[in-house]
Structure formats: C-alpha cells, structure tokens
Amino acid sequence: MTGPALISVLAVWVVGWFINARLAVSRMSDARIIRVLVPVIFGLTLLLIWELLVRMTGVSPIVLPPPSMIAERFANSLPILWVDFEQTIVKGAMTGYVIGMICAFAVAVLADRSDFLTRGILPVGGFMAALPIVGIAPIFVKWLGSDWESKAAVVAVMVFFPILVNIVAGLRDTSAMQRDLMRTYGAGYWQTLFKLRLPAAMPFIFNGLKIATTLALIGAIVAEFFGSPTVGMGFRISTSVGRLALDMVWAEIVVAAIAGSTLYGAVAWIEGRVTFWHPSQRK
Amino acid sequence: MKSLFPILTIVAAILVIWVLAVVPMNMHLTADQAQRDGLMVMPQTPAERQGYSGLGLSFANAGLIPLTYTLDRPRLPSPHQVAGEMWETIALRNVTSRQSLVYHGWVTLSATLVGFAIGTTLGILLAVGIVHNRAMDMSVMPWAIASQTIPILALAPMIIVMMGQFGIQGLLPKAVISAYLSFFPVVVGMVKGLRSPDAMQMDLLRTYYASSSQGFWKLRLPASVPYLFASFKIGISAALVGAIVAELPTGARAGFGARMLVGDQYGNPLVTWAALFAAAITAAALVAIFTAMERLTLRRMGMAAA
Amino acid sequence: MTADTVISAQGLNLTFQTNDGPVHALKDVNLDIRKGEFISFIGPSGCGKTTFLRCIAGLETPTDGTLSVNGMTPDQARRARAYGYVFQAAGLYPWRTIGGNVKLPLEIMGFSKSEQAERVARVLALVDLAGFEKKFPWQLSGGMQQRASIARALAFDADILLMDEPFGALDEIVRDHLNEQLLALWARTEKTIGFVTHSIPEAVYLSTKIVVMSPRPGRITDVIDSPLPKERPLDIRDSKEFIDIAHRVREGLRAGHVDD
C-alpha cells in the first residue's frame, strides 16, 4: 500500500472514530438523533475508507468496485433492478412466505388439539428448521419449472418449519393459572383458543414470522442459482458474477438489503401494533 | 424420553406420505418406460397421457404401481432408493474417491469448520468490545442487528470470484463465507449474554468494589454461556449452508453443493437427493454435538437446563 | 346438612401420585358451608387449603368422598358458572384493558353487548375502579390489579366467590384496605365467600367461620365460628374477642404441627 493512501485511510478512520467516541460519551448520547447518527457516521466512514482504498491503491475497480461506482450502477439500472425485484421478491419470496405461513397455521391448529402430535411436531419441526433446506431448490426447479413458482415453493418449505414451531410453542405458553381461569368460566376449546391462547402466543408467532422474512429472501435468491428465466435477482447475481460485472452484483445486494430490512421492519411494525402489551414492546 | 413415541409417529407419517407420493409423481415416466418395454398402458400415447394427472394415471394403470419405485431416474425417488444411493456412496466407496459422499462431505465440512472457528472467534471478541466500549456499541451494534434481516448469503458467489481474482481458491473463500455467516449471530447473541446479569447482580459486585475485568470474568462471561451456545447452534447451521451455497454458482467440483449441481445437470436425481440428505445429516450432527456440549458445560457450571 | 347449605363435603380424600410415592393432600375432610357465610381456610403450606378450594371449583377431582356445590357435582357447578374464582396473582390479560379483562367471562358466557357494558361499569364501581376501564393492567398498581381481578370474578353474578390467597403478594397497608373493601362488598352482595389465607389477622378479621388445617396429611383440625359482629371497623382487631379468636387459631395451628 502506498504511503499517501495509508495516511488518508488512517486519517478518515481517526476522524470518524473520534466523532463517534465524543458523541457516545456526550450528555446527549441517549437522544434519538445521536443513536441514529453514530451508526450512520460509522457506516459512512467505512464507505469512505473503501472508496479511498480502491482509488489510491492498485486494486482493480473490476474486482472491488468502489461505492461511487456501485451507486452509479444502481442509479443507471433502476428498470432492471425493479423487474428483478418483482420477479424474486414479490413473486417468489412473498408468495412463498404467505403460502408457508398459511400452511404452518393450518397444521398448528390441527395438531394443537392433540398433545401427542404437538409433542412430536416441536422437536421434528425444530430439527427441520436447522437443516439446509435451500438444497431442495434443484428438485423443485425440476418439478415446477424455472419460473417463480418453484422459488415460491422453496420459500414456502423454508419458512414453514420455523413459523410452525413458534406457533405450536406459543400456543403451549400459557400459565396453569390462566388456563384454570378459563375452566372456571366453563369455556370451550375454541373460546380458550381465541380469547387466551392465540393472543398469548402472538409474541412467539411474530418471532417466527420475523425469522422467516430473511429466510424467504435467501430461499428466493439462492433457488435462482439453480435455474431461472432471464430475470430475477439470483439470476442477475450469478450471471453478473460470471461476466465480472461486480458493480451490478453489488447493486442487486443493495436491493436485497433494502428489501430484507423493509420486510422485516414491516413485520416488526405489525408486531408492535399487535403485541403492544408485551414487556418487550412497552416503552 | 416421553416425546420419543410422538416423534417417531411424526417421522413415520412423513415417510408414509413420501412413499405414497412416489406413485403419482413417477407415473408418467413409468408409463412411458413400460410402453417402450412393450407393456399395455392406458391411454396409449404419451400425448394423451399428458392430459391425465399423476393420480388419475395411477388409477388407470394400477398394475404399473410397483414399477414407480424402481425407476433409474425418478422425479421423486422413493426412500429406499435414496437410502441405497447413500449406502453405496458413503459406505461402499473408498473415502478418497470422487464418487464418495464422505469425500465431498469432508470438502464442505472442513470449510464450514474453519469458517465457523474464524467467525465465532471474531464475533466473541467484537462482542466483548461492544460491551466495554460505548462508542463501539453505538456504532456497530445497529449494523450487526440489521445484518440479520438481510440475505447476506447472496454475497457468496461474488466473494468466491473476488478471492479467485487474487489467486485464492479452494477451502479459504468458502470458509470466509461461513465465517461471516456465523459471525453476526454470535456477536448479537454474545452481547445479549454478556449483558444478561441483572442490576442486582451487578450491584453486588460493585459493593465488593470489583474491577471491570473481575466483573467480566466472574459474572458476565459465565452468564453469557447459555446465550453463546444458542448462537453457536445458529452459527454452525448458517456456516454449513454458506459453504454449500458457495459451491453452487461457481462450478466447484467437490462438496455437497457440487454434488447437488451435478445430479441436477446430468439428470441423475438420486445423486442430488443423496447429497441433500447427507448435508441434512451433517447439519443435524453438528447441531447435536453443540447441544451435547451445551448440556455438559451447563451441568458442570451448575446451570443445567431442565 | 341444612336447607341453606351451598357447599357440602363428606369424607373427602385426595391423593396425588408422585415420584416419591403417594401424597395425601386431603384426608377425611367433612365441612358444610351455609349460604352467605364468609369462610376462611388457614394453615401452613401443604395443608391442602388451596387443594380443597380447587376441588370445590372442579379444578381437581377428589379420589373419594362426596362434594356438592349448589346441589350439583363441582364439575356441573363449574359448567353452570356457579362461582367466581380469584387466584393468587391477578392474572389479567396484558393485551386487554381493565374493562376488557372484566368483560372476558361475560363474552365467554354469551352476555349481550349492552349487558356486558352495564355489568363492567357496575362491578368496576363496586371495587372502586370506575374510570380505569380504558387503562391496561401494567399501568395499574398491584393492589388495583387484584381489585380488577375481583371485579372480573364478580362480573357474572355467581353467588359463590372462591378466593385463593388473593392478597398474599400485596403489602400490608394495601392489604388492610382491600380487606375492608372486601367486607363491604360481601355485606352489599351477600355472596358466599371461600377464602384461603395464611395470615391469622386476615382470617379472623374477615370470616364468620375459620377452618384451621394442617399438613401431612392435609386435614381439618379446628372449625371456629366467629362471634364478631358483621360490622367490623379495622380497629376491631384491638378488641378482646378478636385477640381471643386469633389465639385459638394460633393454638390450632400449633397443635397441627405437634406430630411433625
């Protein structure tokens, strides 16, 4: 590494860190604005260092495109990025997510009536959730064709198990006292389910739904590595990697990051509305 | 062990559904094959048969049902075919042979383990830094949490290519992917664990005028162990998925991912299925090892989970 | 057993099978409770007082003996919604407002919307919580939460109220206040109240009849009819009668411990 490059990188780091260290111990450090500002400064510092490293040292921008180049590529490829987003996120990931969620709810409610079944489903479902299920992608592509239907199926299977396990576990998570109370009212199964057990299970259920948003995106993108029409984020990533158009790959990853945090944020927002009563949500 | 019987029941139910599904899934292929072999098939032309569902065709040709379980290249292999393929490629081949799933498994597993070791070490160190330095906490923690909502696995193909440009190939690029996939869960879990002692426990140490390093070794670190193991289990499965996916788009010639791709491209579904199940067994074994270590450690520490 | 007996236990036994062998939670319990009585069950932990209350509520099933509530089996009585039950903790649903919590049994029992609203308002006023209908449980103090849970038990107008150490987790000042309010409530509603406690002053202050129990096996060692008048200001606790009954309860509890 050349001397000027090293010095300027170090300088950026020191300045960025100095600002953050001061902000973090300042009297205002609990203010919302500071809490947002500090990670943003940190992120910008890293981006600046990245940019400087690529520009001032001999690294080829083809191998490691600087942030400015990625931003430019992003801005110039919006139409392509948008159709890829539609194909992979809207059609593949979100359809699969909804299907998997509905199936998980159906199975959970069916199994819930039998203690025997729930005791079997919890460990088996937990076990399945830890397996590399993305691997079924080539099989589903064979069965359902290379368009988004096969991706939605992969996503549905991937999100099914974590959601199922969380619903079943959540439905079991009522205290003996709460169940006794319902018994003193002579409440039936469905009344207990809707008035007590489902509301009490909501924090668990949303935990499963949040884990599943990330899984859905992973499933939809990775499944495209096994075959897709000539559109989609996974398709674009694998072909662009092949052509060494890494700025395009980065642009797709930016899309994936925005989509991932937006979906997660949306589920978390609904969670906040639904489980406002839970200690973790109270201010 | 009162859950054993329910678990076996669920597993048996899954197997039964699988076995039943084989018939309609494979019936079209079986019918085509039977016709070539000169058997009577209803209806008689493949074009007409396309109009039938797998189930309808199965009812029309009940006599062919046994044959659906013995196709060479089935759409859905039956459990015994997958088991047979695995037995052949795991037990009957020399482990250094390219035909051996043990060989391919080791290629993937070694990258997974190296990456996991790197990722968790860095993750723990960063977590310690985050707990002790407020600036670090405020700068890094939001990004670590955000990383959990992003499909960072999508970076995998690019990392392979980037490192390839620098002449780094083989195990290391895959290990890097495994490392960063296991890194973030460990950071988040470990920070949570190091922060888990409550105010009363921290106050107790303050009444002893304990230094912050004493507080770390005597309270924070032991308290974080259950959280650490929970993160390990998430991290190791993520690391394995990372290593497998890293083998996919780059035409790797060895590893579970490569086997899945080979089976896919050469139209040999048994290879894909065997690799898939071998990967699943590997993942289950890794998680089981960490669960056993967790039990043992927590019992030793007197924190045994019930 | 007389005509106004609402709860009657004859030769009641309950044995739990545990890993350490059978546990005699209740042994040969005989007791009649008349309409309008305020009856307290007092004893050390493990004496079966809560178990007995749960038997009355049909939450546990006795191994043998007969038990009738309003002339029915406890299970029939539970289905007929014959009693309100107050647990040791308020156990309010955090996702429902105070009003919503009180409304819960009414929804389950199928009261009409207008009747629900009317009853919620009435019982909340009865426990001095009018105006807190829209608050969530965690926004209230422990004593207020417990009062809300009493309102919940009162909402459907069962004439029996079963209370399992309802004030056990509260501090003494709040407890005194709630005891006073409970007496006022009992006078106004003329309900039959079964009350489990391990506080001697509480039992003596509240009850018309005190049942002293002791453990291993869980059994009744003494039944004391209180001579105190129905009107009981807090300072009645300094009177001679009060101290005499408290003394007798203490003696009963001590006698139960002799064979330990």
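For reference, chains read A, B and C in written order, and residue numbers begin at 1 within each chain.
Simple rule for what comes next: a contact is a pair of C-beta atoms (placed from the backbone, for glycine too) under 8 Å apart; a residue touches a chain by one contact, two chains touch by 3 or more.
Note that the structure is predicted; figures quoted are calculated from it, not measured.
Undergrad: Could you pull out the chain whose C-alpha mean position is farthest off from that of subunit B?
TA: Ranked by distance of C-alpha centres from subunit B, the top chain is C.
Undergrad: Kindly indicate the chain pair that has more C-beta pairs in contact than all others.
TA: Pair with the most C-beta pairs in contact: A-B.
Undergrad: Quick one: report the Å distance separating subunit B from subunit C, using the average Cα coordinate of each chain.
TA: 55
Undergrad: Provide the C-alpha centroid distance between subunit A and subunit C, rounded to the nearest whole angstrom.
TA: 50
Undergrad: Just curious, how far off is subunit B from subunit A if you go by their C-alpha centres, in Å?
TA: 17
Undergrad: What does subunit A use to touch subunit C in their complex?
TA: Touching subunit C: residues 175, 177-178, 180-187, 191, 195-196, 199-200, 202, 275-279, 282 of subunit A.
Undergrad: In their shared complex, at which residues does subunit A touch subunit B?
TA: 17, 20-21, 23-25, 29, 34-35, 38-39, 41-43, 60, 63-64, 116-124, 127, 130-132, 134-136, 138-139, 141-143, 213-214, 217-218, 221-222, 225-227, 233-234, 237-238, 241, 244, 246, 249-250, 252-253, 256-257, 260-261, 263-265
Undergrad: Given the complex with subunit A, which residues does subunit B contribute to the contact?
TA: Spelled out, the residues of subunit B in touch with subunit A are 2-3, 5-11, 14, 75, 134-135, 137-143, 146, 148-151, 153-155, 157-158, 160-162, 165-166, 233, 237, 240-241, 244-245, 248-250, 256, 260-261, 263-264, 269, 272-273, 275-276, 279-280, 283-284, 287.
Undergrad: Under the definition above, what is the set of subunit C residues touching subunit A in their complex?
TA: Going by the criterion above, the answer is residues 54, 57-59, 78-81, 83-85, 87-89, 91, 93-95, 104-105, 107-109, 136, 138.
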